[in-house]
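For reference, the structures are reproduced in the following blocks.
Both of the next two complexes hold chain A, though its partner changes from chain B to chain C.
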Partner chain A sequence: MEKKPKRIGVYVCHCGGNISDYVDVEKVRRSVEGEDAEIVVLAKTTMFACSDANQREMVEDIKANNLDSVIVSSCSPKLHMLTFRNVSVRADLNKFTYVHANIREQASWAHSDDKNGATEKAIHLVKAAIAKARYAEPLETNKIRAVKTVAVIGAGVAGMKAAISLAQKNTDVILIEKEPFVGGRVAQWDSLSTTTETGKEMVKRLYNELLKYDNITIMTNSEVIENKGSVGNISLKIKKTPRFINATACHPDDLKRAIEVCPVEVPDDFNFRLNSRKAIYKNYPSEYPQIPVIDVKNCTRCGECEKVCKAIDFNEKEEIFEIVAGSVLMATGFDSYTPAYGEFGYATSENVITLPQFKRLIDTQFDKLIYKGKEIKTIAYIYCVGSRQTDGENTYCSRNCCTSTIHAALTAKNKFKNITNYHFNRGLRTYGKQEILYADSLRSGDIYFQSYEDGLPKVSVEGAKTIVKVNDVLTNNREIEVEADLVVLVTGMVPRSDNSIGTLFKLPKGRDKFYNEVHMKLRPVETVIDGITIAGACQGPKNITESVNSALSAATKSYTILSRGELETDPLVATIDPEKCSWCGACEEACPFDAILKVENGKKVIAEINNTVCKGCGMCAPVCDPDAVNLIACSSREIMSMIDALV
Partner chain B sequence: MSKINPAFNKELEKFGSVNYNACYNCGNCTAVCSLSTEDDSFPREMVRLSVLGLEDDIRSSLKPWECYYCGECSTHCPQEANPGELMMSLRRYLTAHYDWTGLSGLMYKSLTLSIIAFVATFAAVIAFAVSVGFELEKMLHFGHMFEGIAIGTIGFTILLPNIARMWYYTILKPKTKVTFMKYVKSIGELFIHMFTQKRALGCDDNQFRWFEHFILVIGYLSLLFTTVVLNWFGTSSLFVIVLGYIMSAIVFVVTIDFVKGRMKAKKEVSKHSQPSDIFFVVWLFLMGLTAFMVRLFIDLDILESNKWLYIFHLTVLVQWALIIVPFGKWTHFLYRSFAMYFAKLKAD
Partner chain C sequence: MGELNKKSAKILVFSTEKISDPAIDMAGLLKLHYPPTVYTISIPCSSGIKPSWILYAYEKGFDGVFIAADGSDCIYGESCTEKTGNLVSKTHNLMKEKNIDPARLRMAAICSVCSESFVKQVRGFNEYLLKTLHA
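The block that comes next holds the complex of A and B.
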């Protein structure tokens, strides 16, 4: 049965003069009133459609004329579509019956040189909107149940803070750490700037706090290997590698001996390969969890440790856990840039190391600063190595390295005698309170040289001497030569080289290759993947303060998603006509959000849309040969009638 | 290619530099300096050379002398790096460096040594007084003779060679080509700056200080002329007597203001006064005052019964002539004006 014709109201906005200076709005109004008289029961012009007065008038019009749908022809829908959808709701209409026509950006502004043309185009756009409104159906939002658990991936300072914050909000937290110990990068630092607490102490404090909450599950040596489902209901498969040490049977002295007798030596990543460690190890005495671990990749199973320690148990097996979370909070951190072979003498000169290595060096030395058997007195720091590259890929500034270098330089100066620091920088960025550190460094006699990208310092080796040369901008571009015992390359932060987790969750990356937020300013911790938030340096270079800020923010955002126990999603998604579909897989390939599932419906294999994941982008519709895909609110019928109105 | 010397700041600290390492090269000091020009800019450049310890560049530079320490740079320095005081300590450093005897440097760096020198000269004066049996006539005669001999000896053995050294470091060593005619043509600069300190007028709001200084220089030079050439203490010419009174009065009255400034230490120029600065103004004041008093006592005919006054005056005079003039701040008078002369030679 044919439905009775819809009653539609059209408003044509002047937008002050933004529209009416170029588009004859009265002509637009008349044209739609005349031709579509059978359904357009009301057509008005208005100075400002978005004004309070007009909004009130619209509500009255809708009620008085018993309208089924309204159209406002004004600015971009990005600006006011929501405004007018809400007007519809206030007049007891379904908000999806509202249709927007953009005659400002698409007509008046775009064709200010051709008033007649602009008016003509505006008329067509409004008619297309009427054509769409003719078929616009009232829609209801989808509701889904949300699991009140957050999976936090990465137990660095950001992950730990986020976990604590979520636990305080009575949310279950599963804190997943790939490494055998918690603490991430911060555990690697001793002294930190602007606090007397060391990085290790900070990690200890956070770990003890984590233990206070029953609703936090800490999983170390664990990795996410599978990800299914969508916001509210994300299933993760977690692989837990055993430590091969039975914690309950563990006697500390025996374990110490086990480490001593281990004959395997592998480069120590914790100390950035400055030295080596055993295959059974702990990075530092107070590390958490306080049980050592056997590094299976390098262990030769020689059995020496088993002889001295009963706790060693090679029978422990890898375990797979399946968990369900409503939201995932990513806090996977960063890697330090590794300079290229020969970059400022890296790897080619024995007196050249990176900043993280230098920090570990000063933390592990006492009385005298010794590197490769030589006492270090003068240190040259070369800034922005691997950051702000003009030729390379890393064009960004790594934010924390200026401060970190100055802090390390001052720490070295205070800890060891007669240290002279030379800083070869490209302009210092010790923003905020960190400026105090820079001032301290200057007053203590540190010397700063500056150059630009086109005159970077040069490191050369002459006999036993390592020489750094630069044309110093601050001294009238004079060539200055400095002899240094040690050259420290100030390397910045780069994304983790192992991006398997990002691939697994299909997290989008920015130009800097770090994970990308939806909106840098207004949605800084959300990703385009619903339910997945990002925190800390996996999003881009951050210092501890900034990491914690973003972690607390991401925790709140993840909590917000789950707090009501129920999620509402937009009904504007794709649908599949099971009659027409015969599964060819084209739509699955086209879908950027993994929203298409292959299902057996009893009769045949067809495609099915996961409504919570589908964004209604429409990529699947044109690739469907049998035309089985329909986009809600953009159905073929609606779009075709709009095209008819436009051409 | 320049090799830097970070230890230089320890050396310069001994000459009174304060915290110049804090400089982060913003250049505000140079921007606010009313004497700095685009072609000849300071003090940031001098701060930078000092931070790096590029001594050869500092020694060949005339810029420290081109600054008249209005203190605007220090007031506006966001890092409190005291560029003004840096320029002042560079002047002390250069003075020490020009001095072939090395005594300037020793006395700038060590207050103890300066005090020993002052005590030793005082002891010498007493010893001399004892040797002539405190006879006023002999003491007056010797005092007058001493003035002439001291001027000649100090001038030829210390000051002239030091000026020659300054010329060597700033003109000859940097291989500046200057024709003989240029030396002749530019000589006017030397005397204009020596007697008028014209350049100091370029500093903002400095007219009064410049005027005071100008009067003081004129008063001092006239007093020198009156006592040495016209033998003020021995003359009976009323004109000379009155001239001496006026000039000595000018010297001690005007210096009061300078001494007060140093004591209050409110202006940038006097905030970080070194002993050499204090000695200079105090001894100048004492010179003027004691000379005035001695002549007054002669005119009142009471000097015979107050010989101590003359001994005091003679002590001040000897200390002035043997310590402050050759090795102390007095040399500014010469180096500044020669610097302006040399700068003219270097220009165009």
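The block that comes next holds the complex of A and C.
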């Protein structure tokens, strides 16, 4: 008996103007309503298909029109497939009868240079979705076990907060830090704005909290070198580099002496190379874990430390660990922009340093602010170095540098006597409550000059003097000249130069080269890789508050994925046509999951799919010469009908 | 052969939901333009494409078929690369039997962040098809 034609509803979304600025959505609607009138019983345009109001309207439409299937033509299915499947469920339709057409990323945006082309493509894509919907059948979901462990990569403030949040939700956490110590960038700052707590105190507080939870495993000096599997069951291989110090034989006084006697001096990256450190080191006394580390790349094996400390153990070997996590939370942080040689006098003038260097300078000096043997009284800050570039790649605003600079300038003024601050900015962005700092700065007598991108300040060296000049737009472009003891380049946040972890997980990056979320408002901590969430400044410039907010959000999202201990997966398994199959074994050979069974079926032997094992890859389908194998929702009739619609 | 389009050839892309779909979506997000007659059908894994689908696409009028393959990133296992290669070889032979230029079927591994690579591939493929089919 021939099946009754389906009743399909089609919604074409404007997405504000994201789609309708380039695609004639009304034309798309008319084209599907007209040509497929037999089955398309309803075709509408909508300003925002995902809005609550439209979702409610869809539910009413489905019920009022007895629809069998719904198609929404909007953004990528990565963003809203689930939303509209749930709408179908609320209207008592099976969620697998829902079909999505992506006319934003694959039509309006991809072809914003060709409106007619984009519209024609959108029409074809919607028609292909209709063709697919003709065959969409109600299905039941499969369930797979999800390992209730989250691997948090990066033990900065974001990673530590995320780990604590997950542990409080009874989730096992493996906190993996590539560096020998936890704390990330925040450990480098003694003074923080809006709190009297120092960065080091904050790290100490968080570390001690981590230790309270039995379900958190901290791995420092460790990095992920391999990953396999998918959401719910991600296998990670972790390489742990030895510290060459036996923690159990460790006596703090001996270790202190071992550091003192080490003859090696290497530039200290913790202090942004303002000074040097030993080959056996801790960045600061209260650093965690409280065991020093030997920088084996620079250690000369002179043996001096071994003479004074029994805990030194060069026999320690690199270790490889294998763990399984259900989700991975990425909190790998940022790098500070390094100016190019000669950029505002960087590296060519000895009185020019970056903002992170200046902050470490303030933290490490007492009574007088001394740089290269000279007392500093007059400081010029040049803003937006490496950010908001018109010629370079970093076109974005690094957000926190204005506030960070003003905070550092005020800290310098409060800590040292007779400091004068000159701020050469391009418009200040001390947003929200941070405006209080700007007001404090003005009250304290700091002086602000402003220019635009076409009139940047110029730094020149005249004898022993370092001069900064600008045409100040606030005083009718009058040329202002400041003789500064120190020029501070306000450098912003850039993505980590070492992107090996991102490459390993194939994490997508945005135009700013930071890791990219699925949607900045609707799915702000999820990536397109299922089960991988992002937190903190690896996603883009953030201050501590914003990093912690995103970390808590990412922790909740990772927890939500795994909380039930099982995940629902689409039941898109292979099927065998018993009429066509006469068992040749090709499908069994092609299946990587041993999901093909050889069974008796009346008088002949045929293949049968073990649905609990089949992953729905479809590898068995092309090798079947009699074409007896098809994948649910990707059968030959569906694909071919889509081809008919697309051509 | 499909109706001649002087600006762009009709290309059917078989793309995979987890790996190459994100790259193609990101190409749109980044406004990396490519011919609007490039259409994508999503499938779970590139090693599940049937040669009959590809031949059907030519029969119905597509100028070219591009397989945005999972490569070594395939979530279903390492054998994907070899199996996708096998189905392409098998299809090439079938195309030769039908006097279809085998170069009208292309395959490249497109990872989830390979947006630029995807756009470069389909633009290059478009040029080849225009030169050979619509010159």
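A few remarks follow.
We adopt the following convention: the second predicted complex is superposed on the first by the 436 of 647 C-alpha atoms of A that agree within 3 Å, B and C clash if a C-alpha of one lies under 4 Å from a C-alpha of the other, contacts with A are read in each partner's own complex, and residues count from 1 in each chain.
The rule is simple: a contact is a pair of C-beta atoms (placed from the backbone, for glycine too) under 8 Å apart; a residue touches a chain by one contact, two chains touch by 3 or more.
A quick note: this is a predicted structure, and the numbers were derived from the prediction, not measured.
Of the two partner chains placed by the overlay, only chain C lies in contact with A:I643; chain B stays clear of it.
Once the two complexes are overlaid on the shared chain, A:L474 sits against chain B while remaining clear of chain C. In the superposition on chain A, A:V482 makes contact with chain B only, while chain C stays out of contact range. In the overlay built on the shared chain, the residue A:I447 is in contact with chain B alone; chain C does not reach it. For chain A, the partner that touches more of its residues is C, with chain B and chain C as the two candidates. In the superposed model, A:Y438 makes contact with chain B only, not with chain C. Applying the stated contact rule after C-alpha superposition, one finds that A:L631 touches chain C and leaves chain B untouched. Of the two partner chains placed by superposition, A:I39 touches none, neither chain B nor chain C. Looking at chain A, you'll find no residue that touches chain B in one structure and chain C in the other. Listed in rising order, the residues of chain A touching chain B in the complex are 420, 428, 438-439, 442-445, 447-448, 450, 474-476, 478-482. Chain A meets chain C in the complex at residues 76, 78, 102, 104-114, 117-118, 120-121, 124-125, 128, 229-230, 506-509, 511, 516, 528-530, 572, 590, 592, 615-619, 621-622, 627, 631, 634, 636, 639-640, 642-644, 646-647. Only residues 2, 8, 10, 12, 18-19, 21-37, 39-41, 43-45, 47-53, 56-57, 60-62, 73, 75-77, 79-80, 83, 87, 90, 111-113 of chain C touch chain A when the two sit together in their complex. In the complex of the two chains, the chain B residues touching chain A come out as 1-4, 6, 9, 19, 21-25, 45, 48-49, 51-52, 54, 79.
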